[in-house]
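The same chain A turns up in both complexes below, where it pairs with chain B and then with chain C.
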Partner chain A sequence: MSASGPISKHPGATRKRGPRRLRGLPFVLPYLPLLIVFGIAPTIYAIDLAFTNVAGGWVGFHNFVRTYNDYRFGPAFKHILVYTSIWLCLLVVFVVGLALLLHGRAGRVSATFRFLFYIPGALAGAAAVLVWLFMLDPSVSPGSFLLRDVLGADIFAQSIAPGNLAYIFAMIAFWTGAGGWIVVMYGALNTIPPDLEEAARIDGAGPIGIALRLKLPLIRKWIAYMVILSFATGTQLFVEPQLVNQASLGLVPDTWSSNQLAYQLAFRYADFNGAAAIAVDLLAIGLVGAVLIVTRTGLFRTDD
Partner chain B sequence: MRGAALGLRLVTLAAFAVFFIAPVLWLILAPTKGDNALVTSSPFSFGSFHQVSLAWRHLDAFSDHIYRHWIGNTLYYSLSATAITLAVSVPAGYGLALGSFPGRKLVLSLTLISMIMPGAALVLPIFLELNSLHLIGRAASVILPFAFFPFGVYLAYIYYLSAIPPSLLDAARADGAGELQTFLRVALPLAKPIVALVFFFSFVADWNNFFLPYVVLADSNQYPITVGLSNLLSSTPSFNPAAGGGGQSVNIFRPELALATLLAVVPVAIVFVLSQRALVRGLVGGSVKE
Partner chain C sequence: MKINRRWLGLAPLVVAAAIAAATASAGAATAKGGSASGSITVWVDAVRLPAAKAYVKAHPKVKVKIVTFDGDGNGATTLQAKIQLWNRTGKGWPDVIFSEQANDPVWMASKQFDFAAPVKGLIPAKMLAKWPAPSRGQCTVGGREICVQDNLAQTVLWYDKTLMDKFGYAVPTTWQEWAAIGQKVATEHPGYIIGNAGDSYSAWMYLWADKCPISQVQTNGSVRINSGDSHCTRMASLLDPLIKNGTTPPENIFTPAFAQKYGGADPKVLMMPGPTWYAKDVFSGTLKIPAGHMAAAMPLQWNGETPITTGQIGGGPWIISRHSKNIAAAGDFVTWVTTSPVVKDKGPGYPSYAPAATRWLANLGKDPYFASSPAKPLQAAANLIWRGWSMVTYPDQPVWSNTVVTQLVAGKSLTDLLPALGDGLAQAAQAAGYKVVRQ
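== the complex of A and B ==
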């Protein structure tokens, strides 16, 4: 490999002719400011704020202890943990189940279903919440019989009773995100060599046996990826409870989730150090999740 | 026995299809009916186009055409951010895939970690940072954080890793091309699929983002549509009886809110349908060989 090209007349090209060991760097340069300013710097700044006080003095873990002892901290973390657990169960059972069901189908049928399941993904975020506020309003919902029978709700305020919220948010998250994951799982199932399946069939395994004993273990790392990623994402819940709070006249607290609590600390109390402490708690969860995925599942390549 | 299993399978799939599609269908039909008809008529009945135009006039009149501003803002934020993302991440992915410079591994690892980390985890830290720099409340305080899209860099990296054999680059260099020309002549023309993929993910993520603009923007004229919808929600009396009188005076009821939600997802829905095939391949294509 020779790196030395002839001298270019183009201005600005001089750097590209630099030593071979810097090859590629100029192309990465425009990206670096973004990575530093919006990836690394905010993380470092939040950590710095979390360990200092308003005057900038080092206070150790004081902000963490202080926010931990806030009467809203425990409930908020409990809410997101319950919500995340329900959501993860829904994802694991139904995404994997539906992907396995689809994988045995003829191409056309399977593709149609995959597309139908995927459509709600277009309504992620605020739009999905609004749609489900309508679905949860017994006076207009096509599922009003379900609301009455399952939730015992005759009016909207009963549908979004605090005890239901974790389930509702889990269902909204499942509704918008499951289709995308089904596509991923289906793609992963397609990577299983057909002769492996054929061999199992010759050995006398039925479709359910093949699904459980052959296919499932082979997509294990994708399931792990989905679970860890969704766990980290689930803990960051913000838009859903924030909108439901607005539609509930304060019935649902504006500090339902941890991110909301951090937001309130920053915006209502101008307690940036406390907000940073909670943000760092959540950042740590996200970071641990990300590192686990990268190091344990082997799904992402960082070397060639 | 086999027939029963097949039937059970189809019934299960169909039941889930109803769960995923019925709310969307309801949303499409809701603006065709008045607020009363929404309650009294069957949920999936069609009202009239006249009602749709009535709902639009109410929505458009809300707060001096602010709905148009919200859509315009969202287009502006999402498209600018996505343009920067593309301009930055395609070369960066190329540089990381085929380059060899000190710190390459570090940049890759940081990219990977910030890509997998949920975006919301960085919102408050970014707010705190921008706040300390007095950069709150500008279009750039939304666009620039949006433009940091590590997933785009990773997609471009994975793509160039397999799309271009190093020998091709050597051939270009042997022909006398500098590094920049090599990129422009060999790598850029090959970038089409990756541009489509990065455009899709970046645009959709930016369009749907609620938390960041909610936090860093203060003036409702600057809101993107997601935050605007939450504003409308507060003005809809059926969800916010406190707005009762307000609801009458601004004419925002459930059909208007449904129309606002529906129109807000149209651009994303278009992008979704257009890129469906590329997507199904691309979502998994990254690390699993098909």
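== the complex of A and C ==
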């Protein structure tokens, strides 16, 4: 069974990159048109818009400077920074922690909990926000005692006080997204060959030792993968603040997040170039984050 | 790449979430034998939905597609986003839009959006003449009259006659008397309220009424925003103790918590400055205050200063699209929903069309819901709206909500927040392209 033994080292088999690449092509092909139409083309369009004016003339970094000086730019990016940091910390600590815990349990218990964790994720983003709007309103929330005693909130407006928002959005995002990631991490943990674990146990490692010193390093790449994807979605937060803006009858500004600001610029002020500049800012942030994580964790390294 | 995926998600989101996606294709009249009147699409808020449906019923030959949306209330920018998109795609405009935001026609008439059609010729001139002059003035942008107001929304003082009698308070005529009662209520009858300050439009209620110049378009087109003016600060100092002692809480009247706390069979709304459309719609409908309690009094006066001035909240306009393929039917629709006795005589708001207003007031006077007829003060207040508060292209109400209400809730005083309100409004005005005068 243990197929992890060295596959006969045919020196030619790995050298011949050409045919191998071709073999991969059919797997990528179905996604390629979508990537071009919905990914690459709009990106190029956004970059084009960001460096031009309404008439299509080249303006260099003017749009970037202009949007940077907008009075809503600083707060929006600050909000996003705080929110993303909180959310990523929550994700990494709890998703990995829970997945490790589950992996150590017996099959049925673990399956039940995986299912339970996954359920909230079945709610689409907007629906999840609506659920939370009720949860956060002390007059209807089943957890109103928590809101009153912990947050000191007697009315909805106090629950969603400006200082709480980043935490609230992080909580909503965690609640809807973590379950899916726990399942993924669990899958990742399952790829660890049981003999490795056995060997560790024979060497005297306890369950904690195995989890932290054996399993954790082995799923490092999956964690990096989760962080990259979550970082990108985190910085592009839109649905949650937009809905809370409406549900709170305007208490939360409609430019709370940077993506909302871009949306407002485009569709309220008809400033598509400014909106594109913010979109490109976000793209740059996402890329830098991804590159940092990829290089630091060796996500795409295949030789270890 | 990620960004664009999100961007693509935006369009359906706006439709699905913001617009409560209630495309009530109201009985798209099976037009017996080729309808000459064609079809129109109208966008209305929930309150105007019955009127639109009544039109459909009365006009089987016109195919009306009714779309309900958030009405652009509380300073939302739904319509700006939608019109931008329609303008960009060059199609999709509805024929008629109702907006809850009195500001909306100003930007709809602008070159950038260029949506509104002049109503001249679409609504019979004879009828148009029966809208009060200030109402028509508010709908006239750059010399063109491009909307008609659905209802007038002057603020008056609503009060609970039963409670006032029981507590032995006289109905106040000045803000000072009103505030004095507030101080008494706080000690004698805690839990009762004499107003609220947590609505998105509370500035329109208190600051507008006291002639606070924070939305005043000058003849040269700049906008004057001076929240440090004595007319703003004195109202703030009057309100602060009342906000603090709980008789004018910074809570929103449309939240479930508000109705729970202050409405119901044992109502706690002793007094409430509010617009005409609060009438039965809000007191009975939203707050569930039983019949025989509410009555109206004249707008409050500032310590003997004449003339009495009052604010306005809402008074939403109907706008006809200049892109309409069936503009005659669109005009007919707007004329009917703003003047027809079928919808106007018993509708929620004070009709702006004068003959309808007379009938509406008569009906209101006869309505057993009220402890005494509110008709007289409502009618008198119609002429008292202060004219120094202009409609602007940016929504100012969100600025009040997110710079003032959120902080009042946290215990700050309105007086301390006025500078931030001024700054916020100035930034919003500048972002919308206005020159701002800060004194």
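Here, the second predicted complex is superposed on the first by the 248 of 304 C-alpha atoms of A that agree within 3 Å, B and C clash if a C-alpha of one lies under 4 Å from a C-alpha of the other, contacts with A are read in each partner's own complex, and residues count from 1 in each chain.
Here is the rule we go by: a contact is a pair of C-beta atoms (placed from the backbone, for glycine too) under 8 Å apart; a residue touches a chain by one contact, two chains touch by 3 or more.
These numbers were taken from a predicted model, which means no experiment stands behind them.
**Q** If you stack the two complexes on chain A, which partner ends up touching A:249: first (chain B), second (chain C), both, or neither?
**A** In the superposition, A:249 contacts both chain B and chain C.
**Q** After superposition on the shared chain, which partner residues are touched by A:161: those of chain B (first), chain C (second), both, or neither?
**A** second
**Q** Which partner does A:71 contact after superposing on A: first (chain B), second (chain C), both, neither?
**A** second
**Q** For A:279, decide between first (touching chain B), second (touching chain C), both and neither.
**A** It touches chain B and chain C both.
**Q** State whether A:39 touches chain B only (first), chain C only (second), both chains, or neither.
**A** A:39 contacts both chain B and chain C.
**Q** Scan A:293 for contacts with chain B and chain C and give back first, second, both or neither.
**A** A:293 contacts chain B only, not chain C.
**Q** Is A:266 contacted by the first partner chain B, the second partner chain C, both or neither?
**A** both
**Q** Let me test your reading of the model: by the given contact rule, A:51 touches which partner, first (chain B), second (chain C), both or neither?
**A** neither
**Q** More residues of chain A in touch with chain C or with chain B?
**A** After superposition, B is the partner touching more of chain A.
**Q** Report for A:87: first if it touches chain B alone, second if chain C alone, otherwise both or neither.
**A** neither
**Q** Using the superposition on chain A as set up above, list the residues of chain A that contact both chain B and chain C.
**A** The overlap between the chain B and chain C interfaces on chain A comprises residues 35, 38-40, 42-43, 46, 126, 137, 139-140, 156, 232-233, 236, 238-239, 242-243, 246, 249, 259, 263, 266-267, 279, 282-283, 286.
**Q** For the complex, which residues does chain A have touching chain B?
**A** Against chain B, the touching part of chain A is residues 1-3, 5-6, 8, 10, 12-13, 16-17, 20-28, 30-32, 34-35, 37-43, 45-46, 49, 94, 98, 101-102, 104-105, 113-127, 130-135, 137, 139-143, 156, 175, 178-180, 183-184, 187-188, 190-191, 207, 229, 232-233, 235-239, 242-243, 246-247, 249, 259, 262-263, 266-267, 272, 275-276, 279, 282-283, 285-287, 289-291, 293-294, 299-304.
**Q** In their complex, what parts of chain B are in touch with chain A?
**A** Answer in residue numbers: 5, 9, 12-13, 16-17, 19-24, 26-27, 30, 38-39, 43-44, 87-89, 91-92, 94-102, 104-105, 107-114, 116-118, 120-129, 131-132, 144-145, 147-148, 150, 153-154, 158, 161, 166, 170, 173-174, 176-181, 183, 204, 208-211, 214-215, 226-227, 229-230, 233-234, 238-242, 254, 257-258, 261, 264-265, 268-269, 272, 276, 279-281, 283-290.
**Q** Across the complex, what residues on chain C touch chain A?
**A** Residue list for chain C touching chain A: 1-10, 13, 16-18, 70, 73-77, 80-81, 84-85, 112-113, 198-200, 250-252, 254-257, 260-261, 397-398, 401-402, 405-406, 409-410, 427, 431-432.
**Q** Which residues of chain A touch chain C in the complex?
**A** The touching residues are 35, 38-40, 42-43, 46, 70-72, 126, 137-140, 155-158, 161-162, 232-233, 236, 238-239, 242-243, 246, 248-254, 259, 263-264, 266-270, 279, 282-283, 286.
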